[in-house]
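Working notes, beginning with the structure itself.
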Amino acid sequence: MRIGFIGTGTMGLPMLNNLLKKGYQVCAYDLASAALEAAQKAGAERAGSAAEAASAGDLVITMLPSSGNVEKAYLGPGGIIERAKEGTLLIDMSTIDPGTSQRLAARLKERRLRFLDAPVSGAVGRAIEGTLTIMVGGEAADFREAREVLSAMGRNIIHVGPVGSGEVAKLCNNLVAGAAMIAVCEAFRLGEGFGVDAKILTEVIAHSSGATWVMEHGHPVPGINPNAASSRAYAAGFMTDLMAKDVGLAVAAAREKRIPVFLAPTAAQLYRLASAYGFGRKDFSSLYEFLKPAAPDAPV
Amino acid sequence: MRIGFIGTGTMGLPMLNNLLKKGYQVCAYDLASAALEAAQKAGAERAGSAAEAASAGDLVITMLPSSGNVEKAYLGPGGIIERAKEGTLLIDMSTIDPGTSQRLAARLKERRLRFLDAPVSGAVGRAIEGTLTIMVGGEAADFREAREVLSAMGRNIIHVGPVGSGEVAKLCNNLVAGAAMIAVCEAFRLGEGFGVDAKILTEVIAHSSGATWVMEHGHPVPGINPNAASSRAYAAGFMTDLMAKDVGLAVAAAREKRIPVFLAPTAAQLYRLASAYGFGRKDFSSLYEFLKPAAPDAPV
Amino acid sequence: MRIGFIGTGTMGLPMLNNLLKKGYQVCAYDLASAALEAAQKAGAERAGSAAEAASAGDLVITMLPSSGNVEKAYLGPGGIIERAKEGTLLIDMSTIDPGTSQRLAARLKERRLRFLDAPVSGAVGRAIEGTLTIMVGGEAADFREAREVLSAMGRNIIHVGPVGSGEVAKLCNNLVAGAAMIAVCEAFRLGEGFGVDAKILTEVIAHSSGATWVMEHGHPVPGINPNAASSRAYAAGFMTDLMAKDVGLAVAAAREKRIPVFLAPTAAQLYRLASAYGFGRKDFSSLYEFLKPAAPDAPV
Amino acid sequence: MRIGFIGTGTMGLPMLNNLLKKGYQVCAYDLASAALEAAQKAGAERAGSAAEAASAGDLVITMLPSSGNVEKAYLGPGGIIERAKEGTLLIDMSTIDPGTSQRLAARLKERRLRFLDAPVSGAVGRAIEGTLTIMVGGEAADFREAREVLSAMGRNIIHVGPVGSGEVAKLCNNLVAGAAMIAVCEAFRLGEGFGVDAKILTEVIAHSSGATWVMEHGHPVPGINPNAASSRAYAAGFMTDLMAKDVGLAVAAAREKRIPVFLAPTAAQLYRLASAYGFGRKDFSSLYEFLKPAAPDAPV
């Protein structure tokens, strides 16, 4: 089978590599020539546009940084819609807002093109290993058809529901993880302010209603969990900038459906502000460092 | 041993009962005569003031609703400080802000009185069973001395650190639980808005970075976890009003130490506003109901 | 001069009427046939699509409820771009996010079509009077050309800057007004809680650093300003739903430019939640009613 | 008349000076010996404790940095309550939470001592000039009695209502001013992100519903208002740290009355976090600088 692959950046390249390893032929395209050359070196054919890559594929994968990029790659000049063969299955593995996925799917359907949204979780390390989690939205038949190809890139492949559901599931998870991490940071700053030992506080919370995956696996206080990013100077892990993006997308998606969300936007803005203060490429648990107390002589 | 027990309300009464069951003599006081009568019926002696109850005890326990009540019971007219015997160990099991605990301990120390803060977690059900979790702040020697008496009321008894640490641990845990619950509610409202099945979404999050105790044990969407409060019309469980109180105390404590906290105050205010709309005595997972979408014809 | 007018709803219809009064010929289109009939009755020609209305005009005006509607009317099937004459000046008077305005302008420019964004402030009353404020973004020459036509609908017509600037100015103003109103509501709820007379509090703030247009002209406490919406049971005025939309658009615009905003999203979400509780079509000062205190017996 | 004056710090000293200038005798006390010496040099008698200063006065003024300091000065060992003559009028000009003022007044009343809360607005400059605004809470008769003395220190002296009302009025005003300033900062950051000229944006908002005192007199963008703190590198003016304190007090006061406030706590926390990043002693309009955009390569 031949796969058109558009978006061969930091995440896309190792995913493409895993497709090649499994014996798929890949025709690649990326706006950035350096990224495209890397794909070529890895063994992919080189296309001159998204449209060309798409027309070469029996199945097309896109892995792009933003909703705007996805819209352009599918609908813009030289875009997938121009030359993809009727009936082709198009799989967008980018993390974007689910409304865009749904609108895109509707436009593509008019041209008899099939669409799945299939965002991934797991950072570059798991993209290299081929052990990503992949959350898929779309028709059950299309999901079954895509499964084998997706299995070349990920281990845990879940059909969540109709188009857009893959994105929704990813954003919902990251909303909770992102908010819970900040809550944990606030709690441990408070403990520190009152001189409470962070290890004992961790024990108490771990066995109570405040237990969370993020505290267990990504404890923000350095030295508590030696495997956590905090214990290696917050080397990501999952970058603050990506958490700002994902929680921001969740807020945008909520707006579209008129759903009031309060913690999500506050969390998104904090990650964004932390990025402005140099924490963008550190692990998102570095919010702990960012949320430092006011000057000790500040009036209360 | 004889125990002075002040505060025989909803939580205090079953705790006092467990002390009586273990053979302790108890001399009780409460401002509300109905509460005091209940204690008397249960087998306690009846004191005419906090001071009298305290003077009758070899050890004194207080279980009161707010920082203001605690201050009055210890320092006000007819208060514990007036008549407690030198060296008496005073244990405050109320949930109040740790700064008040610390200031109180300092005042009591001047009169050679010893103090532990020992707030509990677990609602009335566990108070009746005697299986509360008790988080204790104060001197190690005082903690050892108190342990047996506390064991009559709770199962998991933890020495967290110096005075105030018990309160800090409780507030930190509830800050995380309270914020995580709202994040979970926002995520599932978002999922619902996009038509994603709540069970599948639960599965995805439960196996990913968004996993939290509150979703596992207190899932806010009715019907997902049959044991959760949401599946019995949000009958508490842990009341919204109490979560508003505890997260509010965490915010007050953070202010005292100049620690910036963002999710905590937003969470506290949401629980408080939910109380204004009739959710105060429901389980705190009822925030899911409170956070309903805007009118479907509202412009976006 | 002949004008193509797309979007003849609640705001569009009185604006169209004022164009007719000034002697302009108008060719109208609206997706809703009732709205289109009303325009016809008023004296406009009736077009069968946005494209047809646009092709009939020397200048085209759009007045639509959301970014999605605007994108469809310009770029969708049967859209303006299909048949507008080369060089036509297209004026979008909808309130949408400035990023969409800018992307739209770029697409239209490829087809040699000129574009201004020109959102209005002032509700239906001022649309009827022809006294709207109109904030315009785009080329200075296009602004000069549009001025006379815009003057038929508004009184205060401002060239803010390049394309998108009109939207930015409107959203920025409403961000401040919307946030300031909530701050005023919180302040007066606090005053009320402590038994402070609202009139005296108003006097103090009006002569101090907290003075704001919204308190002076739209005081949220009934009875202070007899001309304010609060004194007529919060009959709008400017609806809560519209404020939720505009502040929400400001948040979306900030996300696009990576600008951290904290009060804006909290304000937007409060207006949205208030809409869910029946305040959507009331004046936005009704947030005062929405933000009522928790139950008096709630623990603190 | 002889005045006991407790708290001769940065604000207290110039206020005391103005009393001396008007011919009042002053007996001063401050915990910090340097501050007390300065008062002595200015011409005040020196007392050895708050109690001594109070006993020397026909009227007593306190001007202290926090609720904790006020409680100690009145009720602690060596405090005012110990030696103030029956019937003495005690005026607390500190900015503290109104609940503390009310509880204090009740305690003092038991000892037949009269109490006014009378916080000031206006920074050191106006304290030196004697042109402070003074907001007073308490009995009308006590207010009338205090008026002449207060007039030595301030120009605009307002009786707001019962005890605590002075504090409430001050906090309410600063809540609105503090929140409005952040909203203005967010709006102008957004304008900047879209390339809109800050002067034109100022013009638009100044003539619309977003008009506020803080934008007119304290515009946060440097160069728009040459008299604003922003145009002198944010030299205060009104310090970020003081705004964090005052809005934080408003939040604490709201908690006591179960009033849900959302913008106030978010604003308070932002000012506090800005303090941690070096903006504490700058003018509070420096939030504009603090709220800088995320890195330009951050994904959106």
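A few remarks follow.
Lettered A, B, C and D in written order, each chain numbered from 1.
Going forward, contacts are C-beta pairs under 8 Å (C-beta built on N, C-alpha and C of every residue); 3 or more make two chains touch, one makes a residue touch a chain.
This structure is a prediction, so every number in the text was calculated from the model and none was measured.
Considering every other chain in turn, the ones in contact with both chain A and chain D prove to be B, C.
With every chain reduced to the mean of its CA atoms, the largest distance from chain B is reached by C.
Between B-C and B-D, more C-beta contact pairs join the chains of B-C.
Look at where the CA atoms of chain B average out and do the same for chain D: the two points lie 34 Å apart.
Rounded to a whole number, the gap between the C-alpha centres of chain A and chain B is 38 angstrom.
Chain B and chain C, compared by their mean Cα positions, are separated by 47 Å.
Multi-chain contact residues of chain C (touching two or more other chains) are listed as 248, 255, 258-262, 266, 270, 272-273, 275-276, 291-295, 298, 300. Put simply, chain A touches chain D in their complex at residues 65-66, 241-242, 244-245, 248, 262, 266, 272-273, 275-277, 280, 291-295, 298-300.
If you check the complex, the residues on chain D that touch chain C are 98, 121, 133, 135, 156, 158, 160-162, 164-165, 168-169, 171-177, 179-180, 182-184, 186-191, 193-197, 200-201, 203-205, 207-215, 217-218, 238, 250, 253-264, 266-267, 270, 291-296, 298, 300. Contacts from chain D toward chain B in the complex involve residues 248, 251-252, 255, 258-262, 265-266, 268-270, 272-273, 275-276.
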